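A quick write-up on the structure given underneath.
Naming follows writing order (A, B and C), and every chain is counted from residue 1.
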Amino acid sequence: MTIVSIKNASRHYQDGEHLVKALRGLDLNLQKGEFTAIMGPSGSGKTTLLNLIGGLDTPTEGSVTVSGEEVSSMSKAQRSDLRRDHVGFIFQSYNLIPVLTARENTEFVLLLQGVGAEERRARAIEILAAVGLAGMEDRRPSELSGGQQQRVAVARAIATKPSIVLADEPTANLDSETKQDLISLMRRMNEEEGVTFLFSTHDPEVIKVARRVVRMRDGDIESDERR
Amino acid sequence: MLTQIAWRNLWRNKRRTVLTALTMGLGVAFCIWMASYMGGFMKVMRGATADRNIGHIQINHQDYPETQNPYDVVPKAQSIIEALGQNTQVKTVAPRVQAYAMFAGDDDKAAPGKLIGVDIAAEAKMTEFDQRIEDGTWLKAPGQAVIGRELADKTNIKVGGKLLVVGSALDGSIANQVYPVVGIYSTGNVAVDGGAVLPLATAQELLVLDGGVHEVVVVTQDFSRIEKTKAELASQWKDLSVRSWSEIAPDLVQMEGMISASSLIMIGIIMFLTGFMIINTLLMSVYERTREFGLLISLGLQPPQIIQMILLESGLLGLVSCLFGLALGWCAHMGMVHIGFPLEVEDGKGFVFNGVTLDPVVYGSLDPGALVLPLVAVMITALLGGIWPALRASRLDPVVALAQE
Amino acid sequence: MIFRLAFRNLIRRPVQSFLAAGAVGGSLMILIATTNFQEGAWVNVVRDTVRAAAGHVVVQPLGFQKSKDPELLIPDSAALAGAIASANPGTAVIRRIFVGGMIASPNNSVAVALNGVEPEAEKAVSQIPDKLKEGEWLKADSDGEVIIGVTLAKRLQVSIGDKVVVTSSRKGELQGFPFRVAGTFEVGSAAMDAFFVLATLSAVQNLIPDVTDPATQVAVQVPEFEAPASLLGSVATAAGEGFEVLPWEEALPTLYNTRKLDRVSNAVTLGFLAILSTIGILNVLLMSLFQRTREMGMLQALGMRPSGLTKLLMAEGLLLGVFGAVLGLVLGLAVSFPLVEYGFDYSMMQDATPVSGVALDTHIKGIYSWSHTVVWTAAHLCFAVLAALWPAFRAGRLEAVDSLRAG
């Protein structure tokens, strides 16, 4: 089942006097349950691609369909709802709302969805336990280590059972041991819960575990291999 | 160099700097508006009492101020007037006669009021009384009368009509005379506007004063030297009462005191409130630049220099606020000068305050000296507001500060 | 949740939030204390002046209010007063007569306002009996006596027991009547101490032989501060045709308008302070918005709608307003307390200024003016929300991609 379908998508920015072509007519399909890594040098268009799929941005040309819905024709509020209901995000850093505890961060999107308080709470505690943070539910981000913060981010991203989780260099700020833990956590969630992951990375360690690797260069796909 | 850094830092966050300076400036502008308003108010008050009635200095028989006894005439008034005419500090001098009388016209309507006898030419020169005539003309010859607007309303006397004056003469007889009314005046002074003015000789004759006058009024060349001139005159005529306008109308002086006190309180309150804001702005900018301060400290900038830099920033912010305030305040003052502020309390009449009828609209008048206080207050507030943020920044540990995002 | 988030965002920057809320609180405190004091002063002024210079409702000859013509008189005033009193039980009905004239001693003569009053009734409402310097207040049978101000006594060079002559005109005829000075008063107002003369109603009536039992004013007063709205109509009915029946607001227009003007200028000044302090809130919210741009981007990435961000910022503004309002309310009432309980004496600074012919008490006690307190507090809350509008609007327009890229 195709979750994301990108056809001939391009994205151009005006940077001062220069027209930056971040994506140049790219095609990509993602299937349910895939664990895909996008790699490529800086400026190759990885982040732009993730932003388009997440509905944070819209293509200059071409179409982006997520869960059967065309993103480029949506209003800002509709795209917010798309993200809320179908997309999970994990960023490189600053992932969490600093004033909320781990549990509240995990609950946050459920709250936006209008899930009742008790169910929200139960789900957050369950998922935090699944990512190995049992007993740390009431800590604030500042009281957690970098790896733990990223685990909370994973927990939050999958709490709503989204169609796809987008992760933009999720391991970039972590040491190698923590990095391994996070990758295997994501892999485990992919296998056990069937969560679809798409993440950008430079990291060969991460690419090793990926089952599909998309290489990008200059705003287009250079190679696409499945393992 | 530090000033330059401070100035540029200030404009790194334009919106915040402008917003803060605008708020402080608004405070200054409000103070200026108030000064303009109060200045206009006091100008009317002083005009109606000091300039148009009391004059700067009055010389009386030593008992007269207390008793207003009509028998207490100024001894040797003529020689005093001549001596004052020689005095270089004296601009104009005029004698007056004062009494109370009943006034009536043809209409059977009578009203009591103040009767003033004046030297026609000298009075016009001194208090510009001739400018206060609303209908008809100023006195031209002995035997004529001009009356105040209120008396005219009460007695239905018109220009060209007759004024009957009944009072007590000094010889114990009833003074009783009729004069043609040549003009109606309005000075704003309730007591004067409820009475009538006669030529000096005519009044003296009516009251059988035998050439005596009750007061010799002096307007000096230099308003700010009044008290000194008064002291000189007092030592010249030790057996007479010599008073300056501030002694004659202490309530006016008191009122000026009240007004400056309330302006001071207002400035204090505004500065107290805007002080919160300036501290906030500077604190925020210090927080934001924690890392930068770490860098500056590790480059070898000493804490006193950091303090100096932030105080410079707050001082410059204060200066910008002053500029905003002056610009906004000038606009407010222009509004007061051209549009004015309505003070109507009875149909077509303004306040009656301490015996002065104000116009229904008060127009602004600004003494440049009134600008000093709010501007100085802004600078002080800005510098005081900078102290805490400056101390915070100077106490940063460079290692911790550099680790900040 | 929005409020929890907003609240935590505020306490994350305790100093900034406190300073912004403090400015609001400070301004509200000043507003409440000033208004309570001012309103207290006006209650005193209005109560004293309405009693001493008029009544809650006055009945006067037609046209008197405009012309102030002393020749206009109410004949058979006792009968009218009696009719009004019996129609309005519980009210005090007093009669006064106002005449202009000259008062003369062998030494001087001065133009004065001569008021004829009913000694017993007037004693209850006038300030002068309490401010006698020498001598005694008028009695019912003291028709040959006057009470004069101390300044006037000095000018006439008379003391208690001395004779003075009051000259007044009636229909163009001047008449002089001898009186004996029974007392001198000092109310602290130069105008009143020099030009105000009191005699009994019947004595002044003697100066007007052509009218039976004349009076210039029949004043109706109630014990309360404010008369019921029905009083005006019921007095008018009892008085019948041929008179002007006015509430105190019209009988004492200067007092009424001065109060109005004072209230307006206070509202302008104090409203300005309120606005000044709300700009502080605007500043804090704008800054916190810029500092948290990335966080805003993240919230959007998580699926929060633009309107959600707007709501968050509005909630922060509202909370700051609430903090400030509570702070201001507590401080304002705390400052009001001594003003209400003990009052404040400003006689050091100013003379007793007369308004509508009544010298004001210089010792003023505040009152708790709850209606103003509520209005000012609500105004601060509204201003805080208004101040949040702009930052909130900007937050709603943030582009998620740009915000995420921000530092």
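Here is the rule we use: contacts are C-beta pairs under 8 Å (C-beta built on N, C-alpha and C of every residue); 3 or more make two chains touch, one makes a residue touch a chain.
Quick caveat: nothing in here was measured; it's all calculated off a predicted structure.
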Farthest chain from subunit C, comparing Cα centres? A
Chain nearest the global centroid, as defined over all protein CA atoms shown: C
What's the distance between the Cα centroids of subunit B and subunit C, rounded to whole Å? 25
Report the inter-centroid distance (CA atoms only) between subunit A and subunit B in whole Å. 73
Per the C-alpha centroid definition, the whole-Å distance linking subunit A and subunit C comes out as 67
Residue list for subunit C, restricted to those that touch at least two other chains: none
Which residues of subunit C touch subunit B in the complex? 15-16, 19-20, 22-23, 26-27, 30, 68-69, 71, 100-102, 104, 107-112, 154-155, 157, 167, 169, 171-172, 174, 190-191, 253-254, 257-258, 261, 269, 272-273, 276-277, 279-280, 282-284, 286-287, 291, 349-351, 353, 407
Enumerate the contact residues on subunit A facing subunit C in the complex. 51, 54, 56-57, 76-77, 80-85, 87, 89, 91, 94-95, 97-100, 108-109, 111-113, 156
Subunit C residues within the subunit A interface of the complex: 1, 5, 8-9, 12, 294-295, 298-308, 400-401, 404
Please name which positions on subunit B make contact with subunit C in the complex. 15-16, 19-20, 22-23, 26-27, 30, 66-71, 99-102, 104, 108-114, 154, 166-168, 194-195, 251, 254-255, 257-258, 261, 266, 269-270, 272-274, 276-277, 279-281, 283-284, 288, 343-346, 351-355, 405
